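Look for chain A in each of the two complexes below; its partner is chain B in the first and chain C in the second.
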Partner chain A sequence: MRGSQHKKESDNLLQCIGEKLSKSTDLEQRSLGTSDQQVNLIYLKSVSHSATVNRFVISPFFEMKDEKGFEEYIASFPGSKPSHDIKEILELLLGGHVGIFFSDNKVYLFDAVRVEAGSVADAQTEVIVQGPSDSFNESLEVNLNLIRRRYQSSDLKAETTTIGHKSKTKIAIVYDETRIEPEVLKELKKRLDGISVDILQAAAELDKYLSGNKYRLFPTTIVTERPDRAVFNISEGKIVLLVDTTGFAVVLPAVFNDFFTAMDDKLQVLPVGWFLKGIRYLGLILTVLLPSFYVAFTSYNPEVWKVQIALLVAGSRATVPYPSYVEVLIMLLMMEFLTEASLRLPKAIGPTATTVGGLILGTAATEAGLVSNIMIILVSAVAISNFVIPLNMMGFTIRVVKYPFILLATLFGLLGIVLGLVGVIMYLCSLRSFGKPYFKIFGIDRVRITNSQKERENG
Partner chain B sequence: MVKNKYFYYLFLINALINVVNFVPRGLIAQRFSGAMMAIVISVPIGLLLMYLCIKMMSKFPGEGIPEIFNANYPKPVTKFMLFGHTLLWYIAGLITLIAFVDVTMRYITSDVSPLLIMVGFLVVVCLAIRVTAESILYALEVVIIINVPIIIYVLFKALLNPMFSWDAVMQVITYSLKAPSYGSISYATFIFTGYLNLAVFNRAFKKIRVRHIWMIGVVGFLVLIASVLIPIGYQGTIGVERHVYPWFSTADVLRTKNFIVERVLFFFYFTYLTLSLVSSIVHWHVALEMLKGVFLTEEKKKRKIDPEWWMILAFCIVAFFAMRTNQFFRDRAGLLFLDIRLAAEFFLIASVYLAYKRREAKKRE
Partner chain C sequence: MNRILCILLILLLILPLQGCKFKDIDLKLFVMAVGIDEAENNPNKLSVTLKIAIPQGDPKKAEEQVQIITEEGDTIAEIVRVMKSRIDKELDFGHCKAVLFGEKYARKNIREAADWTMRRRDIQLTIYTAVARPSAKEVLNVQPVTERIPANSILLALSKDGTESPFIVPPAFAYVLQRRIDERGADPILALVEKKSDQEFLINKSYLFDKSKAVTELEPEETRIYNLLSLKNLKTSLNVDYQGLKYAYNIEKSSAKYKIITPTNGTPYIEYKIKILAEVEESHSGDIFNEKLLRDLSAAAGNQLNERVERTLSKIHQAKCDPLGWGLRYQSRHWNNSEEWKEWEDLSERLEFHVKCDVDIKYTGMVR
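Up next, the complex of A and B:
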């Protein structure tokens, strides 16, 4: 009597799940064994590994011939878990587990997750000259492996949560327990809980949801594809979020200076490293300010320049029929089109675009007298110095930031640029990344904390 | 919470900005009658006030004047005092801004209307004063670190120039033994007034403690000497009094051959505009917080528009009216402000001391 009741319950569960997953061609439902020793299998072919199922579930069943023994065999697998909650079972099935329904009413979920991810490839967006060149790939396990192998300490913790009502994206919070600041972790968890989206597909998206303020201009978390950067930041007391199905990790909290650090800076001799960093900041200043300085100096304050240069610019602009800000805007927009086009074009056509755009357009425009020669030099300098910034997120921000400066220079001249500078400095200083100040000229505070901790750890 | 080093920046910003706030003008006017002595005397006075203020504020770690007053004084007294301080700080920022509109008109862009320039200033300043005290301190640090090398460059350029008349300087120094007036002492002590911003910025400090206070004295003395004597060295002992902004005229004298920019004035202008804006932000932040202490003592229910905006709007409207005044009035008002300021400083420190005594008495009960 009791047995039959149990039987009914288990059958109900199976039927219910079968209904929920109906109309899916990849649903696989099998009954194994004879009528008195019946085991039911249910799984999704697309996300479960069929070979694993065949080899470790189906074959052993027929070899054993004893349901009790088979149940123990299944239960002993790492990743197998018993469950009776329909919601949990459904979730795990969708995640790639195999549901095994035994005749004595036990239900086991067997881990046969199939992960389709490329192998560990070279870094694409953050290329460096020397140093490790592997990058994260789309599998969370592989990414964790890449980090664990570089950080072999029991202090390294990895907690997982899921985000996205539909996508159920797994997220691993990876950090060094002894070095992080607990408030940051608390704040992060609070914010992760607050995220309510259907689908999460990219690490950069996570960064957007985490920061709260939609209209913020600067990235306050680093999105990186380099395991060595992630590991370095973990050792500095930061938290790394690994997002399953994306090849990128999110590092937080970030400070402004982090975006100007390339991973091979540390490999260089110290003065060379300083020089490289100096160059990057110089590039930043040039790319943001050059166009607006051009507008301010040609339209408002030609007296700032030496006479020779003022005459040179005026001579070069003699044929240009419109004010300097129009000239600057036209050329900068052309440059933006060019960058954007060469980014999206198939590799085979790419060089053509640059040739047509850069060489022909530039030369022809000056010869036609639409744009001054100096303008062309300036635009190229702006474009090149923009690419000096090692992290893409910041690079894109800086691309946008120069336009407000041009507007200010058009309205106020030199004064406008100074206004803009003070405004940007104030804005940067008011930003916080998970409660930590984002922009400070000396990052000494953090280093000192880690040093004292290092001493403690070493005894 | 920030480190104690940020206190030095608060001092430095005021010390550097004196050039715009009529301090050299006031002192140069009295160069034959005690300005030199005033400079010497101002150092101990300034340091003493600074020391007392730090001592008092360290008794209230993490608290600003509005909180201290509200907790320790009866309401009408608090409101009256806070309102008075609001006015002073507001005027301090306003003078800097208006003076800079004037400087911009005279030296940089005469094509832009002064009203538009003021709008530009106000937009930046008003958006910036709403952020936290910590953020303002960080920005202050950045701006000072960027600008101090430029200032040092200009100073070297000025002192190493063969046209600099050391004789004129020596002649003014011979008047050192004249007794100074109250006015000249109050102009000179403005250099050290930066510490007073602790009144609100103390909120960002854990427990303020300042080491090497004598260093501040040395730097302050050098800044004062430089800001009075360098214009005299270039424009002569008599000619110097004919300039409204002696320092900008002096910077315009200098020439550099190594950059694509020839006139040192532009470096100087860039430096001082950023410094003035940040200094106005500092002053107006204090003013805004004080004003909030007057009107928003107890937590009121959330309103649709933050009441801060009304205060900022009032700041802006007054600023536009102040633009309509003429040069003589501003000049007079600027120097009058410096006079009142010194007395107000004594008053503020005394009132904090009294608040401390009252708190201790309350504790004992």
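Up next, the complex of A and C:
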């Protein structure tokens, strides 16, 4: 009678934990032994080392045949810990321990933390100065491990689905249950169901399929290779899609400002962080508007310039045989070729292309009088300020956006640039990322939500 | 598809709104300064001189090249059109920084020239105006050796961006000039640019205007006093004689206030209160300064300045000009719109000036 009562209590605990960790596909629950000698195991595959579990927990159990002896064997392990507190058990489970439930109502937590060190490489496309440098790799398990290790909460859910008729790519939807907005999740699942492709091989591809409009100009989801960015966004109430075999994660919904945040902004002293962010927005404005301003000022409104610059430009343009917009287009296209070429070239040849393209071509073009000196400065400024944008997706978009501005400046001068700015801002305002406004620069209500969330959790 | 068509249509429709024509900067000639004179042989005709900058491709050389062209005709607009057939590129007044009126022309009437600068769309309202002696053409031909950009030195001096001389009156922008010509109760005052040699000009006098006609010339000393009265914290030094020795003090802070007082019986007068905080800049005595000496010096300086200011004010008053805007002040402080101007005209005839200079020489300058 007493025994069965104990048994019930232990089962309740197990069931309760199972519920808490439900919807996580990395949850592993096993019963060992016969009906009278039953030991239950529970652990998370993604953070626990399965080989360790097999070798040090499962094999000895069958070798010993005696539950009492096995219990003592487990208790003697360093890092093993008896516990009955459900909160503690949960925390340790999420940290990589294996929960072992014995039939006499004892619960031990066995240390089998899995550490992936070798296979996780440094981030390549989003390099930062300080902070963690690991990046997602091509294994979904490892990526889940990277996230779980940073976010040890039972609220973190990971659901999987597959996409692609042939590739059957596994996708994990990772989110914090208490912080997301349910409509976004619902919308996401609806859109994931709607995707009908044969092969899915990159996270960015998924991003393309997810955001309904094919002709949209700006990315509405973040594609990142940094686990810390993914975790930070999860804590902000966003959803992360881990795509197996890609090494990148998709974060959604995104706002415009997210694309101008580098992960080490958080580590900086506050004024420095503001300064860095300010510089990025300045870079954005420069790279989009400088070429069109050049066209507008040289051909329509030279009085906007200081006299010195006006005379300098007029002087250096004296030998240039074609109008200003052709000059700008030629140089910008040369720069695009250069960027594109050095991007795809093997690392050994890359610097050569840059030297030949940037230094020799630029100098020679000015000396031959084909482009003005000012133009070279301008093109380099445009190129450099384009690279200030931390996320590549946005960087590519911005590279394209400046061309319509040049067209407008050629047709309408300064008026055209103003027109273009108004148009771009209107367009950005009309964009939605999974039903959320996209051009919400300061994300004020997002902060308010998380603050109230935190209060609820603490109180 | 429809939306794209709509956008294209809108772009097409606003095409005429662009204002200017597409013309590259290297096909334009920038006029840096305009000089307007009376024609040499015919007093009824005008002579316009343009100083045109020739752009230099190499910024390291920094040698300026200008073209100066002069043409005569009946109206300025006509002359500019005639000039266009003498040059190869389009004239652009967008960077025009100064309009100079020849002395002879200014003494006649500058109304039409001021009108032209206001009306022409590519001339900015913030260009500087000044009177030139002996003529605008000769002043524009002066090439100072320190000049790096054509006509820049006149501009730097007049705007006080460069030299901050106390003998140059506050900049008379085109809009200021026009406003003072139109406004009842304020008259223009323009700096006088004189040619000293082929490489040097001198700006230390000013011209009082009776509306659009140049009337009286203010000497350097009087120009400085005018600046003291019209500007705050004028950067200058003043001399003072004390017990037969010369001292000079540098003004740190200065402010001038005035009140128009009309006693019911008695002559109306303008009471000027000038407050100056200063430091000793030069002393010919060799004595050690103490508080008493500084106080006595301040009193002497105040008295001597009183005299100088009164002399300048009465000269301005005798010329029947109003560069300090007393009439405007009087009108702003009175309600009877229909009669106040008449009253002022009547009253300004008998005006007297009471000046109270409060000079406080506080510091002895550096002692080391």
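We take it that the second predicted complex is superposed on the first by the 340 of 459 C-alpha atoms of A that agree within 3 Å, B and C clash if a C-alpha of one lies under 4 Å from a C-alpha of the other, contacts with A are read in each partner's own complex, and residues count from 1 in each chain.
By our rule, contacts are C-beta pairs under 8 Å (C-beta built on N, C-alpha and C of every residue); 3 or more make two chains touch, one makes a residue touch a chain.
As the structure is a computational prediction, the values presented were derived from the model and not from experiment.
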Clash-or-fit label for the pair chain B, chain C on chain A: clash
Chain B versus chain C as contact partner of A:Pro302, first or second or both or neither: second
First (chain B), second (chain C), both or neither touched by A:Thr220: neither
First, second, both or neither for A:Pro437, with chain B first and chain C second: first
First, second, both or neither for A:Ser324, with chain B first and chain C second: second
Touching partner for A:Thr169 - first (chain B), second (chain C), both, neither: neither
Which superposed partner A:Ser135 touches (first chain B, second chain C, both, neither): neither
Chain B versus chain C as contact partner of A:Ile425, first or second or both or neither: first
Stretch in clash, chain B with chain C, out of 24-32, 114-122 or 312-320: 114-122
Contact residues of chain A, present in both the chain B and the chain C interface: 300-301, 303, 307, 411-413, 415-416, 419
Touch list for chain B against partner chain A, complex: 3, 104, 108-109, 111-112, 116-117, 120-121, 123-124, 127-128, 131-132, 134-136, 138-139, 141-143, 145, 260-263, 266, 269-270, 273-274, 277-278, 281
Residues of chain A that touch chain C when the two form their complex: 297-303, 307-308, 310-320, 323-324, 373, 410-413, 415-416, 419
Contacting residues of chain C [partner chain A, same complex]: 11, 14-15, 17-20, 22-26, 28, 30, 32, 53, 55-59, 92, 94-95, 97, 122, 124, 149, 152
In the complex with chain B, residue positions of chain A that touch it: 300-301, 303-307, 309, 408, 411-416, 418-419, 421-423, 425-426, 428-430, 437, 439-442, 445
